[in-house]
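Shared between the two complexes below is chain A, which pairs with chain B and chain C, respectively.
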Partner chain A sequence: MQASVRRLRGRHVPARLLLSLIAVLLLLPIAVTLLYAFFSPEEIRAYMGTRNRYTADSFMALRLIPETVSLMQFYRVLITDREILRYFINSVLYTAGILAGQLLALPALAYGLSCFRFRGRDALAFGIVLLMVLPFQVTMVPSVLTLRALNLLNTPWAIVLPMLSAPFFAFLLRQYMLGIPAEIIEAAQIDSAGPLKCFLRIVIPMSRPVLGTMAALSFAESWNLVEQPLTYLTSRSDLYPLSVAFGQLTRNMSGIEFAGAALFILPSLFVYLFFQEDIMEGIRVADLR
Partner chain B sequence: MKRIALKGLLVLGGIVLLCVFFSGTLHTLSTAKVRTVSARTGRLETRVRLTGALHWPETEAVIPENMTGDDTLIVRRVNVSAGAWVLAGDCLAECEVADYDSRMAALKESFAGKEKEALELQWKNSGVRLTPQQEEWYAGYSRLRDAALAEQEALQTLRLRAWQAGVALEEDDSVPETLPDTEAAGLLVEARDVLEAARRETAEASRAFDSLSRYPIPEDVVNYLSKKSELEKELASLSARMADLQLLKERAAAVTAPHDGYVTAAETKAGDTVSRGGAVVWMTAEGAEPAVRLDASGARRTIPAGTAVTLSVGGKTADAAITGQGIAADGSLYADVRLRRGDIGLLGGAAAMTESGSVTAEIVLTAENATTLIPVSALRGAEGDYFIYVTRRENDSFRNEKITVVRKSVTVLGQSASAASLEESLRNEEIVYMEDRPLSEGCEVMPYSSGS
Partner chain C sequence: MFKTKRVIFFLFPGLALLLLFYAGPLLGGIRYSLLDGTFENRFVGLDNYRRLWGNPMFLQGLRNTLELSLIGAPLLWLLSFLMASALSGIHPFGTFARSAVLLPYLAPASAMVLIWQVLFDYGGPLNRLLAALGAERIEWLSSGAMRAPILVMFLWKNLGLCVLVFMAALRSVSPSLYESAELDGITWLRKTFSITLPLILPSAYLVFILSWINAFKIFREVYFISGAYPAESVYTLQHYMNNLYSGLNYQMVTSAAYSFAAIALALFGVLFFLQQRAANELNG
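Take a look at the complex of A and B:
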């Protein structure tokens, strides 16, 4: 493999250039966000004030070097303008709740649908696939009615509870667990291991790659919630996560948006780095199967 | 990579938690604290502080009566100081007549000489006997001679008064009918009346003498009688001068106050000499009231009579009112405050006021119209570009109130030490008048806590 990699280094230059260009374009917004987080708030306000003055003949100038490197944006985000911090805490709480709930419920659901045979199993699995296909807008109204009946509208549970039923992750886990050899489970059962013991001692350890994948993807989805808070928290703007409140805060152009965006990006970045190997392992194992 | 990511997450979480925990404290420390006040409507009161001194409008010199140009007093003791209140008859000073003994001796010697001369004359003319008619003739002659002398003196005085009044007399030394309304013209009129009286006396004496001209007496007798009359007059004059000198000595021994009043100046001291035209001490004229004369040059506006003023001397205060304003000889503006005896007592007495040398007055000048008033500490900027900071309150999504300051230009109509009068109406505005650090437009502020 190393030899093939060495051979690749000398070839496919155009392809590599094209891929590099695409990578730069994809990474440019993130890089600019992190870079502008070290501009002073006054400089950002002045610079962003010019964003509507460009024409079709001239582009808006892209500033890459600040006049003075300043941590004032971070200071205001973390200390003085505590609104962003409070919305950040909201996002953390929602994500943690959703992640914990999904990690408790979905592996067990997938285990039941994969390792047990009962009447209606396949129909249930098909129903999960069907739910996976439906967009949020279709299930929004029934969800609102249900939550209102349960008196959970405008509460944090309105965000967390509907997200616990993630059909895609359930499907993903089920498909992975279907690939676990039945002989391993039978061997455990011969050793007088019950279903729960098999689940905890065999299925969960063997499903670590896909569980890591699920956690990373679930984190990304929960961290970036927009529609659900706007739908279920209409009269409680103080319960919004940062993904929703950020749009409102940037309207005032207070000059601290980029530091807030950097703060928003960092948790996703760290989570991805943490689960990167599991994600790649999960994809690889799925490919081999 | 997992370790790096885990450490990064932990560090980020730690920073966020610390910021959540300490952000309130740091926010409080980094936010400017202000005090605000609402504008009120009123009339601007300007407190003007003036200084002045005790002023004696009318004074008179205290000196023994009947002093002549030759008399000089030597002060032995002064019993009063400036500012003292004295009653009529109080001994103000003790003096003695300079060269009293030598002068009295000279007068006595002159008197003795004249007396001896008169006795000798009488002895030489002891045989002269006058008939009643001759005595009558001589009396008429003496009367005519004295009337003529008096008429001459009155004429000289008339001419002097005319010159002093700037009036030209007629050829016959008569006074014109139209005269200026001056004091000198009044004296001229008096001199004219005296001259007319003297002329009438002369005419009468002349008529009387004419009727006696049939009783002539020899010339040597006339000379004797004239000489005798002259010596008698000189003896009378010397006697009067000795009496005056004696009287002056007694009066100088105790110089008393002619009436109740204040001693305005007592600058003489033991050993000083005082002559006619000078004064042992100065005191207020009878019925005159002292006043405090304030230097009103710094007031920059007229101070009407009746304006209340608070006077203070050495910590003592008294309330009075402005009684007048004027311009001094050097062109500076002054304001007078007449003092009653009670006011002087409240201020510690005229002596204390004179010793202090300075009287402080505080006057409250009130504007005519009501305007918007704010504390002067709320006013910022320079003349022509004044502005204030007003607060704006906003609520964020978490119902936290955020207070920011907004700059607002104003027009200043007037200013005192404590308040400023503005043209704008600032109703419902909270104006920042005190802060613990410099402010800028849009910066967040928080109200001072009561500390409880």
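Take a look at the complex of A and C:
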């Protein structure tokens, strides 16, 4: 057995090397961003200033290591120059609001559409699939119409409310719950457990992986809102999340952008490490209707 | 399976929000696209649509969005399938590769733009490599060549998630299914089409949907690099619509949305039909 495993490993050396290379290439942009955060603001500004030179034989230097490791960028982002931090807090609030709301509304919806039998159930589920495959440019329009009618444009609610019923996550949760064996729920029914008890005691605990997956993917989306704030908050750029504001703050390179970017990426790292295993388990597709 | 009217308590919050923000106004908004938007709000039939389809900026945005997503989504699907197959062939899984691939999906687009600007700069590492290989340098970010970096950024961001979905599915395929096939000495291609893909069809379909949804978001990187008015080759439908919103032109916005919805649903309908047919064939 041992020998065969070793032989198997030996055989895959080229594939392993290739894949590790791809993995390194994928990580490189993030790693370099983190490295640049430890340059002093003057040094990084000077370096970024060498961009956009269209002369025949001048190149940007390849820099990875700072002349002196400096925490000045972080100091300015966090202590003296708090503009990035302000938008960062907006992002945190939006993300927290969206995730909390989704966890209240979507598992219950998916439960209703998977563990109950009623007329029109599959039609409803198919309607959700249709909404899910509509491009964002399309679904944005109805949201704007409602937000305008409710006078919510240019308020934080415009960002949070439409996200709460994200059709993709409803779909993902439902697919997972459809895979929960009917016998388990039937057994609970025989023990005279009602729908609510079943939901809280059986379905939710069993759905942990998909809930983790949803949390991670939804975090990725909420932490990276771009189109929504640009459309829903046209006259309140102070309410922008960092995901939009950052693009504008970096136009006039003041030298602290990479520390800002590093701080902005950091929560994603934690979310990722926390939910890594769930994601492998949670994306399970039972059936396509 | 429960059969009780109390299901409504579970459905209500989610369904109400879906109806309020998506389904309801999606149907109700058709009205807007048929009015002229002036003080009198006269009914003008399909006039808005006619004006829209005569507008060169709309056509440009629509064409670019469709082209970018029709190149990007299938490419993403194929690459992630190949990479997942390669990763699953290795036992135990390439743990390092696996943990590396998802991170880009979580990293915000705006935080990554700086590094892309360095990488694709005229004097940047990529052009340095091209020059070292003796090739002509390319103005990646300012010309018609910008589509290539945009697609690279799209693939970079979405590859990991799609690979993970494929891998989760491949893991559930029992290796014994391949054994007799391997004894018969069939090719990798044959094995993929007659054993692997049929078994993981639902996940393959899910990856397709993910690529599809995200391909229509190829706007962010363009926006952060070139702002609201980028080069013609990467001017997307989202750019066009954002400019309409700032002009409060709801007649054209809704017309554009419904036109695009019709195209997207037609495309999706064809794919859904093909997928259903494949699934039916498999189930006999």
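Rule of thumb we're sticking to: the second predicted complex is superposed on the first by the 267 of 289 C-alpha atoms of A that agree within 3 Å, B and C clash if a C-alpha of one lies under 4 Å from a C-alpha of the other, contacts with A are read in each partner's own complex, and residues count from 1 in each chain.
Basically, a contact is a pair of C-beta atoms (placed from the backbone, for glycine too) under 8 Å apart; a residue touches a chain by one contact, two chains touch by 3 or more.
Please read all numbers here as calculations on a predicted model, not as lab measurements.
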item: Fit or clash - chain C, chain B, common chain A; value: fit
item: First (chain B), second (chain C), both or neither touched by A:L109; value: second
item: Chain B versus chain C as contact partner of A:F88, first or second or both or neither; value: first
item: Partner chain in contact with A:A15 - chain B first, chain C second, else both or neither; value: second
item: First (chain B), second (chain C), both or neither touched by A:G49; value: neither
item: Of chain C and chain B, partner touching more chain A residues; value: C
item: Which of chain B and chain C A:Q137 touches, first, second, both or neither; value: second
item: Contacts of A:V271 with chain B and chain C, given as first, second, both or neither; value: both
item: Partner chain in contact with A:A216 - chain B first, chain C second, else both or neither; value: second
item: Minimum distance between Cα atoms of chain B and chain C in the superposition (Å); value: 12
item: Intersection of chain A interface sets (partners chain B, chain C); value: 269, 271-272, 276
item: Parts of chain C lying in touch with chain A, wherever the complex brings them together; value: 1-4, 6-11, 13-15, 17-18, 20-26, 28-29, 32, 65, 83, 86-87, 89-91, 94, 96-97, 99-119, 121-125, 127-128, 131, 139, 156, 159-161, 164-165, 167-169, 171, 202-203, 205-206, 209, 212-213, 216-217, 219-220, 223-224, 237-238, 241-242, 245-246, 250, 253-254, 256-258, 260-261, 264-265, 268, 275-276, 279
item: Interfacial residue positions of chain A with respect to chain B in the complex; value: 78-80, 82-83, 85-86, 88-89, 92, 237-238, 240, 245, 248, 266-267, 269-274, 276-277
item: Contact footprint of chain A on chain B as seen in their complex; value: 1-2, 4-6, 8-9, 12, 15-16, 19-20, 22-24, 26-27, 30-31, 396-400, 444
item: Chain C-touching residues of chain A, taken from the complex the two chains share; value: 5, 8, 12, 15-16, 18-20, 22-24, 26-27, 29-30, 32-33, 36, 48, 50-54, 58-60, 62, 104-106, 108-109, 111-113, 115-118, 124, 127-128, 130-147, 161-162, 164-165, 167-168, 170, 175, 182, 185-186, 189, 195, 198-199, 216-217, 219-220, 223-224, 226-227, 230-231, 234, 242-244, 246-247, 250, 257-258, 260-261, 264-265, 268-269, 271-272, 276, 279-281, 283-288
